[in-house]
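One structure below.
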Amino acid sequence: MPDAPGLELIRGEIERDHPGSVLATSFDRAQAALVVDPAQILTVLSWLREEPGQSYRFLSSLHVADYLPAAPRFGVHYELLNRDRVERLRVKAMLVDPAAPALPTIDSCVELFPTAEAQEREAFDFFGIVFRNHPDMTRILLPDDYVGWPQRRDFPVGGEPVTFTYNEHTYG
Amino acid sequence: MEVERRSLSSKQASARQMLRGDLEGEDLDRYVEERVVTTTFEKMLNLARANSIFPLTFGLACCAIEAPISVVTARYDLARFGAEALRASPRQADLIILSGRVSIKMAPVVRRLYDQMLEPKWAISMGACSSSGGMFSNYAVVQGADKFMPIDLHIPGCPPRPEAVMYGFSKLQRKIIGNADQGWRQRYNAAGTEEWARGGPASAPSPEAAEAYEAAREISLA
Amino acid sequence: MAELTQDRATEVMTVNIGPHHPATHGVLRLIVDLEGEVVKDLKPVIGYVHTGIEKSCEDKSYWKVIPFVERMDYVSYFFQMEAYCGAVERLVGLEIPPRAKYLRTIFLELNRIHSHLVWLGTTALDLGAISMLWYCFRERDRILDLFEMAAGQRMHTRYFQVGGVIEDIPLGFEKKLREFIADMPVRVGQYQALLDRNEVFLSRTKGVGIVSRERLLELGVTGPLLRAAGEPWDLRKAFDYLAYPEVDFQIPVGTVGDNYDRYRVRVAEMVESTKIVEQALDLMEEGPFIADDRKYVLPPRSELSTSMESLIHHFKLVTEGFRVEPGEVYYSIESPRGELGCFVLADGSSKPSRVHFRDPSFVNLQAFKDMAVGSYIADMIASLGMLDPILGGVDR
């Protein structure tokens, strides 16, 4: 993990090359995170991947979290890993939830990290986040005709309540 | 030693008599009683079916490691019950073990597999998930496989031990023979305490369920 | 005649394999384009055991999530527990006592052997070596006996807790475990004797399913698949967690990255795991097996009848659970299939706001197309076995 000053250094260097791309940094529980502008997510990711001093070339995980009451609602998380220095860096892009039929959109990073293909489809499946220029933006785990984005916080958990027996009035 | 030899020779003598058709009256009756069992063809067929079940090689989730795989391996050895020959095609199988959670995407597939199996066929719902949805009471899991197909036997556990599967298996054999085990209700003379899931505000069982219940009660009281 | 054969050779047939197919190791569905017997293209269709576990976790308090996450990758349940408990411990800043570290290491490595045994048995079965299944499951049952002895269940033990493990190992466990780890390398040698000189096995695995190291890294593949391609990447060495920095073990690495290398790497890992277990057992000292922080850890049973405070803590923990300050943590460990990451987002309440698992099988499955395209359909089945996907982990 880069430590807190290291994170600020990275931020400074990105800002120098691409002004306005990093919105904030956070260093919490020994984990470093960059909050970036969703419109420039590919710029930041490719900078982190290609810049000789950084070379975060391995995308461990791509996942989405729903911060429901917060204003930019969806956070797309990229867990990057530098395998030489054994450092992890989280890049977060916060997406605003547009009005109901429209879906939040962000650029796909499949070109940079081919591993993201299935994980972006999973994010689309569960959260309805559309990744632009993804080769196959379809549902992956749920049936194709499923309606709704089940892992959003405002989607009910579902399931059934436990049924009781017909003679419950007899036994109270 | 001598005694045995004598009895053997006497047996041979009686067999010789039998071959000549000399056995008559009480002797013949006893001979037949000792050596011949009469039953209906149907019962004999079921006896054969119960002891040579062909389960489908079918696994869904966690229970699949325990039921189709572990029970046929050396320690548990389902071959003792005549069911070690797993069939990969549903056309050749007569038992489907639903081993694991049935998701909404899988349910139509499971139903089609069950429909493809030839009669007579049986279904075991193994583990909490396929019996009732188990701990996964959410949008993705069918809350009990008997919502879309008939289930003969539920095995509790998460996952059930192979021993539990084999116990359930012997119960299924009794059911196939036609001597279904009524379980603790029969042992404790508690027929009539069965409960029915509520269908609506008027919480009475459906006519079919009531009929099945009466039939079960007759068997258990007999 | 030549034209006829040419025409027939270019005819592409699309075959659907699964979701119910004995060779797909679960309910994987493959849509395969075949030209004769050669795989031209394939597409895995997954989601047939999608259970919505991540959603269910959001509805449970932190300590109730543990049994849910175990049921994702149902062959390596201890790893799921460790990933989740470790993430929560990092969220709340809880240190686990040394004995718990060693116990966790021991159980993780036993689970790794167990997972590889299930893999070896079923994959060798796919390749026609049916006797391997009996031998592997014989040893697997011995491991499960150990799990049962310590935790009471064969599978899904819920042994790891936030803060340590739920119970100390019982009397006689160590003796049984030492007997097992003395036996296991011998058994592994026997497996190798069965397979390594088997001409059928060798010709079915050598040179089949080769994917280059660079391509695997691009696809995010980790674990034995990556190591078989010659990349010595193992999170146990890369990151310090549990007792791994203190034990001495090696990382088996392959050369070409074909199916034979994958088999050799996994088999060698089993032996290395027994070494880790043995060293951890030697290093382990008596002491508390769970942290002493009453805010997060259940008080011992014996205190409940004497201490009112313990009773209150117990009641609070069982009914409501503990609250976690807002924050997010990504914690990853080396599971038998690769990097198993757990992301937990806390929103200040007693339930996690999001639990996400980066499951290695899910990511590794993307490499299957590269492994199988251009090979025969029978080798595709072998490659799938060597990929070792657990569909419960893929679909979650």
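Letters A, B and C mark the chains as written, and numbering starts fresh at 1 in each.
In this text, a residue touches a chain if its C-beta (ideal position, glycine included) is under 8 Å from a C-beta of that chain, and two chains touch if they have at least 3 such contacts.
What you see is a predicted model, and the numbers here were worked out from it, not measured in a lab.
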| item | value |
| --- | --- |
| Of B-C and A-B, pair with higher C-beta contact tally | B-C |
| Taking each chain's C-alpha mean as its centre, the one farthest from subunit C | B |
| Chain centre separation (subunit A, subunit C; CA means) in Å | 24 |
| Inter-chain centre distance, subunit A versus subunit B - centres from mean C-alpha coordinates, in Å | 49 |
| Interchain centroid distance [CA atoms averaged], subunit B/subunit C, Å | 35 |
| Multi-chain contact sites of subunit B, meaning residues that touch two or more partners | 105, 136-141 |
| Junction residues of subunit C, two or more chains touched | 47, 50, 52, 55-56, 59, 395 |
| In subunit A, residues with contacts to at least two other chains | 141-143, 150, 155, 157-158 |
| Subunit C contact footprint on subunit B (complex, rising order) | 57-62, 64-66, 69-70, 73-75, 86, 88, 90, 100-101, 103, 105-106, 109, 113, 135-141, 158-159, 161 |
| Of subunit A, residues touching subunit B in the complex | 141-143, 146, 150, 155-160, 163-169 |
| Interfacial residue positions of subunit B with respect to subunit A in the complex | 104-105, 133, 136-141, 143, 195-198, 203-205 |
| Residue ranges of subunit C in contact with subunit A within the complex | 46-47, 50, 52, 54-56, 58-59, 90-91, 93, 217-221, 233, 238-239, 327-330, 332, 339, 341, 343, 345, 347, 353-354, 356, 358, 362-363, 365-366, 395-396 |
| Subunit C - residues contacting subunit B, complex | 19-22, 26-27, 47-53, 55-56, 59, 67-68, 71, 74-75, 118, 121-122, 133-134, 137-138, 141, 154-156, 391-392, 395 |
